[in-house]
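In the part that follows, the structures are each spelled out as structure tokens.
Common to both upcoming complexes is chain A, partnered first by chain B, then by chain C.
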Partner chain A sequence: MSHSIAVDRALVVISFKRRLAYKSHWFFGLAIGGGSMLIAMVMWQNLIGSGTLSGYDWDSMRAYTIIGFVAATMVFGAADWIMADRILDGHIAVDLTKPVDFQRARAAEYVGSMLSTFPTAVMGVVAAWLLFQPPGPATPLAGLLTVVSFLLMFPLAFGLTYLSTLVCFWTKRYLGIMWLREALLSFFSGLMIPLAFMPGWLQAVAWALPFPHFTTTPSAIYLGRVDTAGALGLLAAEAAWAVGLWVLGWLVFRTAVKKVTVHGG
Partner chain B sequence: MADTQTPAIAVPVRHVFAIYWRTWFAQIRSIVEYPADLWVMASAGAVWNILQFAFLAVLFANVPDVAGWGYHEMLLLSGLLSVAGGCNALFWDGAWSTGAMVIKGDIDYRITRPAPVIIQVGSSHIGMQSIGEVVFGVAMMVYGWIGAGIGFAAIPIGVLAIACAAVIQSALVTALCAVNFWIKGQASIFAFLMIELQGNAMKMPLGIFPIAVRLVAMFIVPVAFINFVPVAVVTGHMSAWWLAGIPAAVVGSVLLAAGVYRLGLRAYDSAGH
Partner chain C sequence: MPILEAQALTKTFRRPDKDSGFKGAVRHLMQRKYKNYTAVDGIDLSIEAGESVAYVGPNGAGKSTTVKLLTGILRPSEGTVRVMGRDPHVERIANAHDIGVLFGQRTQLWWDLPVEESLKLLKHMYGVSDADYKRRIERFDELLDLNEFMPALARTLSLGQRMRADLACALIHDPKMVYLDEPTIGLDISVKDRLRAFLRELVNDGTTLLLTSHDLADIEEVCERIVVIDKGAVAYDGSIERLKAHYITTKAVNLYLEGAANVPELAEKFPDYEWTAGEAPSEVVVTYESNRFTTAEVLGSLTAQLSPRDLSLSEPSIEDVIRRLYAGELTK
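Entry: the complex of A and B
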């Protein structure tokens, strides 16, 4: 296999440019993500007021909601449809003939598409910062570790998305699979409601899944709800999930690819 | 290009319904050929609603009310919203394909057939997630209805509210999907934007939002009449007079959808091949 870093880089750049070509994506990403963020802000302001709920006051909830917005923009804005469509329409047969590792190539494309959400995320965060003035990170180190947590979200999001697109080997459509994944991610990541609000057993279920690392982990680190050792532990768990999902994706692909039948061939 | 709605005026209503149901049942036959898709989509709809239920249960374990609305009242809001979206997907999901059909020139085929284009497009697909959405949406409504102590006397209002909600939802989605006649694209981004924001905002009491949002939701894009107004009336948060606004919203949104689609078809210039 002659798959090299140069191939990865080329695929990242192509995918990034392809996404940037559709500038309306920026606007709608911002409108949908920003709109959802504003709605969440209004709800929490109404509920929390000047008090606290499950350890969150209005200050910390503002930061939490903005972190959730960034995570959602990155994960929901990436190009999962391209991967799924190539399986569904049979173009995967062409991909399989190329001298590149299929999973690694899709990962590079996915990372490129995630990077293309950067302008939307930055615009949203700047606007939210000006409108809501959330508190800064608990400590400079917490701020740095939050960034690491966001960086680990790239392989983690790919792992989850890749696994879900592989289901298309058995189905004719991708929409339902995407909805299922996004519904589970929204709820168990804490995007819909912070995990701290949930009963103990439901929190345990959430933490047994990879989803909390999309909102709860970066926000817990940023707000100082965990100390440095706790933050490093969360990052280690996030990294372990990224590796685990990669391996699982590789194993599932080996089985799934046997399903490929193109025009009866 | 062509005023393709004109034949629809000449077509008897009975024929239009017959065409609709024939196409719809053809979709059902096609769906059962692919059981894996059916189950994945139905599960997606069900899981999404179960998680909405869980969201409210978790929220109300921490707060007594949201702007004066209790747990069961909020379940009614979410339930009716799900049922409306589910009915849209079950009976009129094809509207979402408008953009793709415009780009590919698929509207050409519909124009040549002796049936209204909008009926052919609307019935051209069934969103299988609707099964989970409708079943669990109704379950949320029933649970919320009983829990809120609304009683049997208001059931006709509830049934009427569901029917009107389904029509308003489908009509607004159709009108926004028809924007793709002018702004070309595979995805119906305006309709998608509406349902995303509606899904987030309208499961909350409208009173928590600024006045501008309330005015838009009531009178500009009347999504409030889909779930908020009927639920607010049966739970006593709004005067019964507001019920009169629901049929008005139905008529307004249907006329809007038909009008925008008609104008869109006039602007349609095929795919150029």
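Entry: the complex of A and C
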């Protein structure tokens, strides 16, 4: 057991280092993520003013936007295309000759890749905090549960990404799949606009999907829009999605690996 | 018991059957048609521990596909593979511990990181002890000058360095069974020589080796047994010596005469030999059957009657045999 954990750790570390090798990625992550956050802030300030919109006032919207920024940095900053490219260009042949579980190894790499977004997230949050001074969590417990929600985002984001890269066993391109996933995530997570602003039926669609856990869940817990029982319920749903997607990924890989075709050398 | 055994191994791929051009592309969208294409067609192969086997065939013969079937990457369409008693596709992870694989055309180095990082990751993956790791790296350094580029980023390596680093990656866990798919592709003569010397040492130490290559010098210098495949099927399986003895039945002498050579006249004068024009007007190639005449006899009769300015003997080459095997002239 300790041996496989050592392998996981080595994969997390090497994947983290790979991301460090490209310092411009960080800069662009910060510029694009920070820029979007600033635009959202200005927009919400104008829209809400001193009133409220579906229960959000300017105070809570500032915290909401920062939470959305952290989630977006983590999930869009991880290098998911590396996994897809290896399937498409045949390097998966090399991965399959290694004595490690394929899914677990990719998960460890993905975690390393997500962790590499940490400096960007921290810098962005610190800057936003200084500029906008958002309110703290509703209660200390709510703050703690918000952290749990962010931690669960690791397996959840991996599950979604892994499944979408496995599609490459059947298709010959990844870009479209990535765009689709990112668009669905941006919209149904509440990253673009809070789910509370949407009509009831669209909210129902969103909550039938794993995406709301990327912004709506942590922000609802943080702002106290749900009580402790509600927060635990949301976290349970998030964890269930993480487990469900893991199992689904395992099943899809079992079929996909039978279809591996690596031509030409 | 053989370390590797494949029986009636077959791999069929499905390929889109598309007409060329825009019309073909549209028609394929409407009505998808596929053709089955058999890359590996009923191969039987048995390798004993410690053997060094060259797996040879023209481009597209199914060499790489076979290697991928034997290493568990691909699932056979039909037939079975057992490596150390395991099905390498079903028991992929257990099998991976005991094998080392190098794909000459695909690196396993982490592209953006120093070579050393990739090797250390593999050390963890295979559970290699610190002492073993250190010892093996030292040995690889002696034979492959590994330390020269250990701190360099993999993407900055030359092809020769990359291949040496990849070879170290494939062997860091001291695997019992090693598959090298075109390990010398694109390398210059001096790097090839070093790799071959390294591989000979590996074989001498008792590692079982299956090597695919287009470079016949790799095969002759490293392997004892050769399996030639063509169109997915085995065309020859046996020792390289036997292949030569069996199929190289003629030898040749190049003669350089004083004046221009008159080939028809010479052919009439010495009907036992076969005469062909050489590259220069004064050069002529004499081919004779090695089981009928000794070289001494042939040289004796030629020099006595023609007094050539110079002559040279061409060594029988396995290349010619394999070329003829590929061309379908020879049968097993």
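FYI, the second predicted complex is superposed on the first by the 260 of 265 C-alpha atoms of A that agree within 3 Å, B and C clash if a C-alpha of one lies under 4 Å from a C-alpha of the other, contacts with A are read in each partner's own complex, and residues count from 1 in each chain.
In this text, contacts are C-beta pairs under 8 Å (C-beta built on N, C-alpha and C of every residue); 3 or more make two chains touch, one makes a residue touch a chain.
Predicted, not measured: the structure shown is a model, and the values here were computed from it.
Of the two partner chains placed by the overlay, neither chain B nor chain C lies in contact with A:Val148.
Within the superposed three-chain model, A:Met192 lies in touch with chain B and out of touch with chain C [touch as defined at top].
Once the two complexes are laid over each other on the shared chain, residue contacts for A:Trp170 go to chain B alone; chain C is not touched.
By the touch criterion defined above, A:Ile14 reaches chain C but does not reach chain B. Judged by the touch definition given at the top, the superposed model places A:Leu184 against chain B, while chain C stays out of reach. In the superposition on chain A, A:Ile39 makes contact with chain B only, while chain C stays out of contact range.
The touching residues of chain A, counted against chain C in their complex, run 3, 6-7, 10-11, 14, 17-18, 21-22, 90-91, 93-94, 96-101, 257-258, 260-265. Considering their complex, residues 13, 64, 68, 71-75, 92-94, 96-97, 99, 101, 103-108, 110, 112-113, 117-118, 120-121, 124-127, 153, 181-182 of chain C touch chain A.
Chain B makes touch with chain A in their complex at residues 34, 36-37, 40-45, 47-48, 51, 54-55, 58-59, 61-63, 66-67, 128-129, 185, 189, 192-193, 196-197, 200-201, 204, 208-210.
Only residues 24, 28, 31-32, 35-36, 39-40, 42-43, 46-47, 53-54, 167, 170-173, 175-177, 179-180, 183-184, 186-187, 192-193, 197-199, 202 of chain A touch chain B when the two sit together in their complex.
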